[in-house]
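Taking it in order: structure first as structure tokens, then the write-up.
Should a chain be cited, it is by its letter among A, B, C and D, assigned in written order, with residues numbered from 1 in that chain.
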Amino acid sequence: MIKVGIIGSTGYAGGELVRLLMGHKDAEIVWYGSRSYIDKKYAQVYQNMFQIVDAVCMDDNMEELANQVDVIFTATPQGLCGSLMNEEILSKVKIIDLSADFRIKDVAIYEAWYGIEHKSPQFIEEAVYGLCEINREDVKKARLVANPGCYTTCSILTAYPLAKEGVIDMSTLIVDAKSGTSGAGRGAKVANLYCEVNENIKAYGVASHRHTPEIEEQLGYAAGEKVVINFTPHLVPMNRGILVTEYATLKKDVTYEDVKAIYDQYYEKEKFVRVLEKDVCPETKWVEGSNYVDVNFKIDPRTNRIIMMGSMDNLVKGAAGQAVQNMNLMFGLKETEGLELVPMFP
Amino acid sequence: MIKVGIIGSTGYAGGELVRLLMGHKDAEIVWYGSRSYIDKKYAQVYQNMFQIVDAVCMDDNMEELANQVDVIFTATPQGLCGSLMNEEILSKVKIIDLSADFRIKDVAIYEAWYGIEHKSPQFIEEAVYGLCEINREDVKKARLVANPGCYTTCSILTAYPLAKEGVIDMSTLIVDAKSGTSGAGRGAKVANLYCEVNENIKAYGVASHRHTPEIEEQLGYAAGEKVVINFTPHLVPMNRGILVTEYATLKKDVTYEDVKAIYDQYYEKEKFVRVLEKDVCPETKWVEGSNYVDVNFKIDPRTNRIIMMGSMDNLVKGAAGQAVQNMNLMFGLKETEGLELVPMFP
Amino acid sequence: MIKVGIIGSTGYAGGELVRLLMGHKDAEIVWYGSRSYIDKKYAQVYQNMFQIVDAVCMDDNMEELANQVDVIFTATPQGLCGSLMNEEILSKVKIIDLSADFRIKDVAIYEAWYGIEHKSPQFIEEAVYGLCEINREDVKKARLVANPGCYTTCSILTAYPLAKEGVIDMSTLIVDAKSGTSGAGRGAKVANLYCEVNENIKAYGVASHRHTPEIEEQLGYAAGEKVVINFTPHLVPMNRGILVTEYATLKKDVTYEDVKAIYDQYYEKEKFVRVLEKDVCPETKWVEGSNYVDVNFKIDPRTNRIIMMGSMDNLVKGAAGQAVQNMNLMFGLKETEGLELVPMFP
Amino acid sequence: MIKVGIIGSTGYAGGELVRLLMGHKDAEIVWYGSRSYIDKKYAQVYQNMFQIVDAVCMDDNMEELANQVDVIFTATPQGLCGSLMNEEILSKVKIIDLSADFRIKDVAIYEAWYGIEHKSPQFIEEAVYGLCEINREDVKKARLVANPGCYTTCSILTAYPLAKEGVIDMSTLIVDAKSGTSGAGRGAKVANLYCEVNENIKAYGVASHRHTPEIEEQLGYAAGEKVVINFTPHLVPMNRGILVTEYATLKKDVTYEDVKAIYDQYYEKEKFVRVLEKDVCPETKWVEGSNYVDVNFKIDPRTNRIIMMGSMDNLVKGAAGQAVQNMNLMFGLKETEGLELVPMFP
């Protein structure tokens, strides 16, 4: 039985980790870290866990945790994991960091977009970017996994096969993304109050959102070239779900069947990526609560562009689910263990 | 492996049955009945099931089904199950009817409130009212189980211990209930359109809702007297969840601890009924997607009334989850098999 | 042109006052008070007011305000208005207090339910309870109006005619109320975040909500007896709207027509109270954005109870609209000026 | 007093026309046409109108209407207005058609995208495209106005100044649009049920939505060249509101101030188009219930693109409000009469 510690267990991603791990037969949470709720019963913070989780919230003592558990999930704000990381910890325990600290290889880019100094850049090189469908073999061997961002997971997987196969002109790629509000976290801010979000949609972080360089880096590896994109996130009045609509100019003269074959080549064997049937558009509701990413595309001969679409539950495949998938790979378990969740509808 | 047939598999309750049974290790759905979608792939009706369910919708041939399966769930409008029932079918297969056809023992009351003639009243006596926490032993031996209504499950379990123990004056009982919109079904009606339900709340079926006599009958058994109540359902802009707020005058001078002890006596060992801690009010979100009913109460010394509250997912404990729980009991399986679902939050 | 000052103009009720007064032809806002946003442009706090309101937020200087304006609206937390009130201010300016400070005649009850000391109890006697339909003549002569609470306005108006006419047994009255989330204000609290409220319903303040004694006092005047009730508010995932469902035992043998005649007697000439047609249940959506209260009732001969229902926009008739209606009365204007708003649907 | 007839008064756009015209001091509705509800009281179809509208629904008799009214609004499905139009009617009455029948000058394009035969193409030439901010002078003289589509109004106004001034490369223009659900109409379809739309977002009509050629035609006039774009609408779980996010490559080296000056040049004097302050993104909530379009933009030097954004209430400026604005122009009234609606928040 793998012993799990969670730092930041009372945020939304942390709470989802708990939900998923409750159904995982080879893992057991032994440390519910939450700086804000130390000594409070976890089930009083998340009442859904009443009679399911009996534990009390602990502090964020990573050194102590390293002695007690096999794997630590850090579901914390940017900078925290980086500031706590050291070789001794890494020698004792595997780390899956849900923050952005180890996602971006170029520390200057990290520091520029996040506006903070990286406290342990020496581990960036070693860290594996935990997008399982793409870096599966590296994840299996990793001590430190950088769990991808929510927008990035969906944005990358939706375009990846076409970037990799050189079908699209990467300089034309535009990602218009829409997210449910749990992506904004559980902090008490006026902008996230029910009455401010409900019956409303807006763009935010236009041309400046922090997931931009992460998408660019990963799709750059796929395309084998430097990639610069427009990425525009929008806040949608729903709890969960990310939808991306991506636009790119085709570099080749391809048919629906050609493109479908490329997607199938990459994803047919992937449990968690579903290439939908022709003309079926991904919807966030169809993946809610599950680890699936649904993708599809439409070629527009009028403009010679392709519109790629992807949907995903931001708290599952976009955070906690992918983190568990990474854990499964790192510990040699069945990759889908604890993740065979059927999407909930309605 | 138990072979399952579902009649009405494309309604919301039917869809939830499919979701739950996908995670049940001893049951397998072999017949997806749906009069409206015959020959259509099930996963095209419910896109969440893409790559999970490969089957095609079948008609509602109960006689044929009886030959092929071990248990039939009928998740259909009132009257259908009653019209198809006969001894030959019942001799071959167990039936769990999610409609109201066999819930009410007095056929005259059924016919009065539902406005239809009962086509097989001879089976009403045999049918077991499938509220597992109350009728567990009878369910185990049943051929025909009447799965309780959504409002009724929550309304009854919330008041049951106090009715049974004679703590409340049953003639004063008022049930004010609030339900998410999936309770209204998947039929295309203007009143259930997004724009009509969203940002809106209303009462409906005031003093005339069909779940009234069902609550009265069951609480009458508990109290050992004829019970007549006010039951008022309300439509709430959310997908899932039922909340009941029940009011009754106390017959005895009781403290919080007295009442808590009574609730615990009935529910402490019940996996799916959670008596919350003092002053914690049930919320539908804390049970979403799970088979739990959360209950609690507050004594008001100013009025000598007790306010009882219960919350539940109408599609799980209020329909499909309870149906699976009944199946588990009828087939001697672990009662919680397939139902150990952690509520999803947010 | 009446000069208006608003203290607390950046809360939701304050914002609604601004919206309504923008369409009022005899009033002009000259002071946008907001302790939290001093010196910030009002239209940057409420972007809907861009190019409509050009003013900057001011502090809460009531003495200075009294010199500059004809009427002050205080849309502030409990206790503030009471702490600022004095005879000099009242001699210069009319006050419409949207807080609870002057609603309850018995200061001991106020202090017990609100848990604060009243700083100017000497003005309670003079203050007029500004439920216009009931206290119209007194409001016209008032210097200080206590604008009723949101729940109370709807709860009282729904039951008032039957309480006044002795049709219902007041000792049996139960008010089950449901409110949209704007009633919780614009403070940044976790409990009011989008993800916590959305897809959720809960009761709160059970047997202890502060609007209880206010309803009891006013309905007590109507009934001519001391009234003690159960009042249970619920939080509903919608921005605006209050629905009350009230239960009481009938003291007389009355028909639908009898009761309808009583409601009509009180409300037929009231612009803002609409007695709906038989069997039409009030819905919050049908009054959204307007100053209407929709009421109706249903007699249940099975239980000898009557179920009364009322719906209202909590920010209009439940706060800002009623405040403007009071202002109109106090200044001898047409009572409906600025309030002839057609409900917005959908 | 202008006499108004509405054909299709019980759809959402028709209902909004009624709401707006109730507050218009120079117009009076004398004919509430609704094929589906003939002889039913209008206020029973839209309960918000109880005690406000006393009329009964009439049939769609355009010939008769032409004798009785001064202006007819047709808020009906595509094809109806075209099929009823003739010279005699147009000689008697002004027509404002909210359907697409007279929006597109090239009848072949209309017939290709809408899949129906145009029954009165002889009037297309005469019809004025009623985007008031652009075609104001022509509207004033028109007998027949084609009221623009909802998506198109927002899409065009957001990009218009930059298209007109040659700042953006029109061949790169991509419009990613998001709409509330009232845009889908009041028809009873499973896809528009509450439970299907709530907690969900999806694209639809990808590369094939009918508003595409309308946007292309109008922006083509502005740019002075043939324009072909990608337009992707999305369905958002909210009642009202359209947000467009538009991407285009800059043709010139421009600063924020340059572009702001261009927007101001076109819109500074326009009451209903608000160019927001720097870095403020349009949100649908800030314009809800009003006739405003909020626009803004962000230059991304990394990609040399500009991101233009616009928000609007689809039922007001996107339908009924613009129709009333057109009526005001056609009859020589103040353009803003009946439209000085302050956006409702929250």
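The rule is short, and it goes like this: a contact is a pair of C-beta atoms (placed from the backbone, for glycine too) under 8 Å apart; a residue touches a chain by one contact, two chains touch by 3 or more.
Every value quoted in this text rests on a predicted model; they were computed, and no experiment measured them.
Contacts with subunit A and subunit B are shared by C, D.
When the interfaces A-C and B-C are ranked by C-beta pairs in contact, the top one is B-C. Subunit C and subunit D have centres, each the mean of its CA atoms, that are 36 Å apart. Between the CA-based centres of subunit B and subunit C the separation comes to 38 Å, rounded to the whole angstrom. Centre-to-centre spacing of subunit A and subunit C amounts to 46 Å, using the average Cα coordinate of each chain. In subunit C, 12, 182, 195-196, 198-199, 237-240, 283, 285, 288, 346 are the positions where the chain touches two or more neighbouring chains simultaneously.
Of all residues in subunit B, only 172, 174, 176, 178, 180, 195-196, 198-204, 206-207, 228-230, 232, 234, 236-241, 243, 245, 247, 281-285, 288, 298-300, 302-303, 305, 307, 309, 311, 346 touch subunit C in the complex they form.
Only residues 12, 181-182, 186, 188-190, 192-199, 237-239 of subunit A touch subunit C when the two sit together in their complex. On subunit B, the positions that touch subunit A within their shared complex are 12, 15, 19, 22-23, 44, 46-52, 182, 199, 239-240, 274, 276-277, 280, 283, 285-290, 294, 340, 342-346.
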